[in-house]
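Per-chain numbering from 1; labels A, B, C, D and E assigned in written order.
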Amino acid sequence: MMRKYGVADTTFSRVDMGSIAIKTINKEDSDAEILRYTVPGIKDLPVAAKKLIEEGCNGVITLGWVGKTMLDKYSYLAASIGLITVQILTSTHVIDVTVHEDEADSEEKLKQIAIDRASKHAKNLVLLVKEGKNALTPYAGKGLRQGYNNAGPID
Amino acid sequence: MMRKYGVADTTFSRVDMGSIAIKTINKEDSDAEILRYTVPGIKDLPVAAKKLIEEGCNGVITLGWVGKTMLDKYSYLAASIGLITVQILTSTHVIDVTVHEDEADSEEKLKQIAIDRASKHAKNLVLLVKEGKNALTPYAGKGLRQGYNNAGPID
Amino acid sequence: MMRKYGVADTTFSRVDMGSIAIKTINKEDSDAEILRYTVPGIKDLPVAAKKLIEEGCNGVITLGWVGKTMLDKYSYLAASIGLITVQILTSTHVIDVTVHEDEADSEEKLKQIAIDRASKHAKNLVLLVKEGKNALTPYAGKGLRQGYNNAGPID
Amino acid sequence: MMRKYGVADTTFSRVDMGSIAIKTINKEDSDAEILRYTVPGIKDLPVAAKKLIEEGCNGVITLGWVGKTMLDKYSYLAASIGLITVQILTSTHVIDVTVHEDEADSEEKLKQIAIDRASKHAKNLVLLVKEGKNALTPYAGKGLRQGYNNAGPID
Amino acid sequence: MMRKYGVADTTFSRVDMGSIAIKTINKEDSDAEILRYTVPGIKDLPVAAKKLIEEGCNGVITLGWVGKTMLDKYSYLAASIGLITVQILTSTHVIDVTVHEDEADSEEKLKQIAIDRASKHAKNLVLLVKEGKNALTPYAGKGLRQGYNNAGPID
């Protein structure tokens, strides 16, 4: 059975994480059909995810980019609540990749974070959609990180 | 097919962004029908957007103005959550234009931000309503900004 | 056609804004029927508004009073989200009048703010209920304020 | 007609406010049937209130206790939003009694606040359930406080 | 009658709290059937809980791990609101275990908190699912703590 994935990204982002996610999904799932939805900013992502699910996507990855100010963070909070609401109402995973401009000092480092986070979470999405609720269980409690090196388990 | 757009603005705002949005929509879509809804402040925008969608709008732009205090920011957060909820429940875009009084030192600069942001986001709305989910994809990850100069992509 | 208005107020408030709102509504709309609902505090206002709408109110005004502490502000945020949710679910305006105890140094000034805000917003409610979405459009972008002097438009 | 009241409390609380609420309700309403629901902490109160209402309660009082850290306050915010959502979805009052550990310096004072707040709000609940939306109107704008002395009206 | 429990955990966590919860549930309820769902991080827990309930779970425990930054705390707030929403919509308990990396100075202490909190709350879940709303009433107001020593009741 072909699986349908949604990729929602923004024009606000300074890295084309949507393309990275698409490339990763295609590599991880040879039977993937992918729909892409591009919106202006993070507050537009929840409705994009909702519409992708209504078009039959079995799972969605959203790729957001957030500025440095307190207002940007409030927008992040509102968008996060919205993305969780979409998941609850549709019983479908929407993996939320967010890069914050204050996560790193240099643009180069920001870009590395974005690439690493988008590709690792695209893999997570494929695993959850293809194999279901125990696909990630071997890694439970392992301190995995996206955008950074893994923290690892304690002890 | 004629497309119906909703424009929701406030009496609290110090710039008539509603008129700017209407002018832009008419310029970008010659088949546009536009409904306007004016409310006192940002916390009244979600229900206005909801009602505009119930009257058949295919997409809505809201134009909010936010004061400088912490309480104004909490109101912004509540309104943002509400606008996202409206979108999720109706599967319709509500592009949220907000100008914060502490974004600039001078009134002149504030007004420039308001004009630029309202017109750019009105264009975004028309593109999404007319052409759908891939209309903005050529700009994905391009670091577009509304109210300011574009940040551009990294590299 | 007689119009039905809801007025929801609290025993926490130090000014009887409910009576001010009722007086104003009666003055502005000679065909008004008014239902009043008094609750302990702001977190009880959303359900009061919901119930007033279920009893047939075409619009509701809520009159809240908020203390000075951070906890009071979190309660304000939760109540604001709730009031917006009620509006979204019922497609009915709930105009939210809130006075914060830290808005002014003297009790006299606080009372003036409360009276001005409650009466101005009661007028807004009547206009929206009686005349609909374009009633306030002549004032769009005019920098109107409730509780204070109008800021006015820029330029 | 017998009225059914719900009392939801927590094991986290350091004062048995549930018993105080039950005693007060029985004193204020001789026809009261009372259901009690005890959960670990404040974030479990919304579902307890929802279930009590589903079992036929005409109104619910929840009795929460909140620690001193910022995280405790975020939990308070999430729980408050949840309690308001339950009320909106069921059109039923859920009077929310919360004691914050940083409200007082001594345990004795905290206990006094808890007892005063729980009993006063239990009375409020009975009045709203028995007599409806105008039961508290004589006290509108009177500056009533629970846990502290009344502030009183201005002027 | 066999009872079905859901255990939702994350790969972000640095302690395998899911296994601790499963072990505890099996010890406390010999008729337990347990479904496990592992997701990347806390913002994925609400949909996991929702899906576990849809698969027939009578109650769910979620096991989250939260970083030290303000952004991590906003994610915690969004996830908490989501978990409460799931409970309200399904009328089912989702006991929320969260460990914050800034709760302790050493990894060893963090791990102790995680183990204590996960096992105590797993017991709470079994009690609520097996015996219902009065199972915890003997401990109401007793100042119980998970992850730390009990605070105890005042007086």
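The rule is short, and it goes like this: contacts are C-beta pairs under 8 Å (C-beta built on N, C-alpha and C of every residue); 3 or more make two chains touch, one makes a residue touch a chain.
Here is each chain with its UniProt name: A, B, C, D, E = Riboflavin synthase.
In this text the structure is predicted, and so the values were computed from the model without any measurement.
Number of steps on the shortest path from chain A to chain D, with steps defined by chain touch: 2. Chain D is reached from chain B by a rotation of 145°, derived from superposing Cα atoms (nearest 5). Work out the mean CA point of chain A and of chain B, and you get 25 Å between them.
For this pair, chain A with chain C, the centres built from the Cα atoms lie 40 Å apart. Each of residues 77, 81, 85 in chain C touches at least two other chains. Against chain E, in their complex, chain A makes its touches with residues 73, 76-77, 80-81, 83-85, 87-88, 91-96, 100, 121, 124, 128, 133-137, 139-146, 151-155.
Of all residues in chain E, those touching chain A in their complex are 9-19, 35-40, 43-44, 46-48, 50-52, 54, 70-71, 74-75, 77-79, 81-82, 85-86, 89, 107-108, 110-111.
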